[in-house]
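Okay, so chain A shows up in both of these, paired with chain B first and chain C after.
What follows is the complex of A and B.
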């Protein structure tokens, strides 16, 4: 370090213009690099997040004893309000979920009861799938939750990708770090690895069927695999999605659960 | 000869009283300890068998690999016919379906929304079939704190601690939120029939007991069961269980299906093997301790007696009695003392053991925060072994003491007798 400092101070004295140019260039490079990582994540958010959205989806849960198919319709506003109604299979038809802030209400038509769950239970498996209640019903911006660095560029699934390393900057996140492969052209994550604070891989996701919807690229199918869970993962597919639609405010009320 | 010896023992009590008391006391302690330890170990084993492990258990091979997680989706399908087959194949055994589950008990307010909520571990067992042994196995009648046992499928028993904590009373309705066999959400309303207390803090914190039929309906598990528990007619018997499990598993030896039925023994679960081995070793352990300790004590007593009777043996030798005859009479005396001491010790030991078997000792306060299943009342258990476990070592060690201490007789020299006797 002493030698380096000595060299730099020598350079500053002998060739001040070159030295200053070098310093500015180094600083600029770092700035640009940092900006580009944030930019990439912002562009990912622009593609994935929206003020509100209405979508119909299917879940194919591939277990050890065969697969199970679930169909639902979801209305979401920001990441704090969400309403899902299950349409299939018959046993789950009519089950509704309402998520407001950190609370989730589930209505069961068979018992005509509404129960509330919150806290860590929101991170439990949804209907035996590899998704948690949070993942199904939340649409929080990544830039709000994580600070990001670019690790490298890599090709996966035949597409050039930035490999981003995300580290939580807020407390209330399910996964402390993430590694995300983002398509360099479309800014859609093609693969994600989700880790605990101790660095243990908890879940991975792969995106398929990337489609242009309006101005944004959106993955219509995501395969989730909870590594702590048996089975071959859950295929979550959006069959129809509309962004920035008008949603009747009463949808996000407890009264709508029993309707 | 015997009458002569008895007369001697009775008239000279200093010769017989201490060895008799020592033998009798030692035998009594051995009998009581053996019965007590056998009682605690066997009750503990039976309690674990009744609630968790069975004497043996049938499940799918896939389930057996992750059985601690109790995954319902790896259950046996076609469980009813399998139960029938097991009962038919292994006469004298009882086989029952059990569903262990986890879930949330949700207590509603007047609007039907969540008022209070807590996690529970649940057991579903046959509560309603006439003549069911499951109520006795779970000791439900004695564990009942308030209310009654369920009389309908939509009734359940909650632990008293849980009910008090969430302010749920008899007749109140609650919702059980859990998972179905396929992994979907399961919602079922139940009414509290009664509250219970098992005595294990881990269980009492939050447990729910419902009828097996209710669980089958709630979790979409008609004709399925994650576990089929098997019970022998009497207590756990390692040999019988080994024979049954080997025979059963041999039927599926060439079957590679991960959902094939697979039987495991009680000793294969929850580290019960070491407890079973320990309980079986109690007898040997007791004998070893007794013979070792008592031999030393009685040998010392014999030596002291020998020293005290030094003059007597000298006079007898001087009067011309053969050394071997004196040695034999010493051993005969020891046999008599051993017999009387062992008989009185065994009888008094059995008496105390019987009291402990019938009354028991409440040990629930000793383990208020216990996380393992232990009986609340510790009881002794009198087995056939109690009749000889103290008796034989009592007799043997007394005689052994006399045999060793009596060797000194042969070291006496006749020429020195008069000098020794100071005549």
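What follows is the complex of A and C.
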């Protein structure tokens, strides 16, 4: 130990530039690899996931023939319970959706009827947007679904990011692999690329308006783009969000659809 | 017999009036027979096409399969029983696996059903033999309507997307190696056919199928996972359409017959008015009133016989020509999802012909009788003087 210190001090005296460069490199490596990929993903989960959340959001679907604007309020508990009420446009106002496990109920005020749809509808496009019902309503932890590796570090949107490669470790995931650009300081994904099982890029997501909400950093705006679909994608923006709030259990019941 | 001779003589004497009445009635008859033949031809042709392209001699459906519920398709698959393997090898059973998927054309998502079929099958007319490919690329065939609507040509590569049995997205480029033409829209519209083994691997549904098409209508009763659907069940939809069309044809029949019968009715009313002296003479010479009524009714009925003769002269060759050349159908009809060919060849059933003849003769007799009843109330002296009001 003494010999090592002696050597390092010798190097500092004799070759200060080399020594400083070495120290910086060692520190940088420690910074990169000191954060394990799992740690990074856990921190992402801490930012994005919550026991429950209540949020108001807008969705701007920019298609080939123009855009559609939708406003809604959602109550969600874990990734199995969710209740959404549409507030705008007037034609959809009052439409409510309740998701419990793999079942979805949609209440339409114009017909005063509730329709129950099998879980497969959850995989369909939500009101013609680039995201599905399950993407809109689910909040499953990434660490539960994916094993992860750090590929590299690079800068996007003016922020330094870890580039993570995620591969499914459970069977029931929509996207088998993902590439995720995670802000090194805030641990929020700034960009995600979603791939099919055979490795084809299917969809990308870009996060904007990263805001500090309580203890967590959260992307208030996400742009979803199905790569094969024409148009500029779907802008999903959260206008107000509250985490870990008390939600009356009766919200997640079919009775609440007609209230 | 005297009444018949008199009736024929009176009608032949009326020349043009009789001819016009018979011509109108014969036209109605020919159109009626043609229309019924067209519906029967459509029915027959659709069923033959469905049997050849889609249903064979019956189908075994996976328990959860419901062709009218696309959301149940994800769960509609069952293990193909090993006891059926020899029948599959002999070509007596063709397994088909259906998986929901999508393609994108000009940036628009189109929902499709990826259909897996055995390339060596011969039971259905789907040209699956071109799917025998050893290359890594997945070969695919599609129907001409689907190809036309989406601008897909032979040799094109199309990216298909689907979800495997666990719900994980997957995507693949398939090569369109053949475009086939069929009258059965359900094997064409939004369907991409690929080898069943490839689809089983892609979806994770190894050794599973959604439908087993069979050439044996008396196949062994399947176990609980499979339900046998016979031809009658599978053709119910087309039967319902034809039944509805036939019901609708009653209106057309009534309209057509009314035109002809109205002419006869009109003639009868006019005859009674113009032939008062003749009626008076018949009664004065000893004919009872009822015999005169019978004579006038017979005259009306004979119009329908003349109409039948006339219809045979020009209608028979005309209908025979149409039956051999067929009636071209507008493409919009089959785009609606109804199984229909480019042409419909009318099919004339002898039973339908006999019923049509009977309806016409009975209707002509009935409309002739009602105006003739008035004769029964005639005073022969007034009739002879031509003083009927």
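One rule holds for everything that comes next: the second predicted complex is superposed on the first by the 222 of 259 C-alpha atoms of A that agree within 3 Å, B and C clash if a C-alpha of one lies under 4 Å from a C-alpha of the other, contacts with A are read in each partner's own complex, and residues count from 1 in each chain.
Following the convention adopted for this analysis, contacts are C-beta pairs under 8 Å (C-beta built on N, C-alpha and C of every residue); 3 or more make two chains touch, one makes a residue touch a chain.
All figures in this text were calculated on a predicted structure; none of them were measured in a lab.
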{"item": "Superposed partners chain B and chain C on chain A - clash or fit", "value": "clash"}
{"item": "First, second, both or neither for A:117, with chain B first and chain C second", "value": "both"}
{"item": "First, second, both or neither for A:90, with chain B first and chain C second", "value": "neither"}
{"item": "Contacts of A:129 with chain B and chain C, given as first, second, both or neither", "value": "first"}
{"item": "Which superposed partner A:174 touches (first chain B, second chain C, both, neither)", "value": "second"}
{"item": "First (chain B), second (chain C), both or neither touched by A:106", "value": "first"}
{"item": "Chain B versus chain C as contact partner of A:230, first or second or both or neither", "value": "both"}
{"item": "Which of chain B and chain C A:158 touches, first, second, both or neither", "value": "neither"}
{"item": "Touched partner set for A:61, first chain B, second chain C, both or neither", "value": "first"}
{"item": "Chain C region in steric overlap with chain B, selected from 239-247, 275-283 or 293-301", "value": "239-247"}
{"item": "Shared chain A surface residues [contacts with chain B and with chain C]", "value": "64, 117, 121, 125, 230"}
{"item": "In the complex, chain B residues that touch chain A", "value": "62, 66, 71, 73-74, 104, 106, 108, 112-114, 117, 175, 177, 179-180, 182-185, 187-189, 220, 258-259"}
{"item": "Touching residues on chain A, where the partner in the complex is chain C", "value": "64, 117-118, 120-121, 123, 125, 168, 171-176, 194, 196-198, 200, 202, 226, 228-231"}
{"item": "Sites on chain C touched by chain A in the complex", "value": "71-72, 74, 100, 104, 106-109, 159, 161, 163-164, 166-172"}
{"item": "Chain A - residues contacting chain B, complex", "value": "61, 63-65, 68, 89, 91-92, 95, 105-106, 108, 110-117, 121, 125, 127-129, 230, 254"}
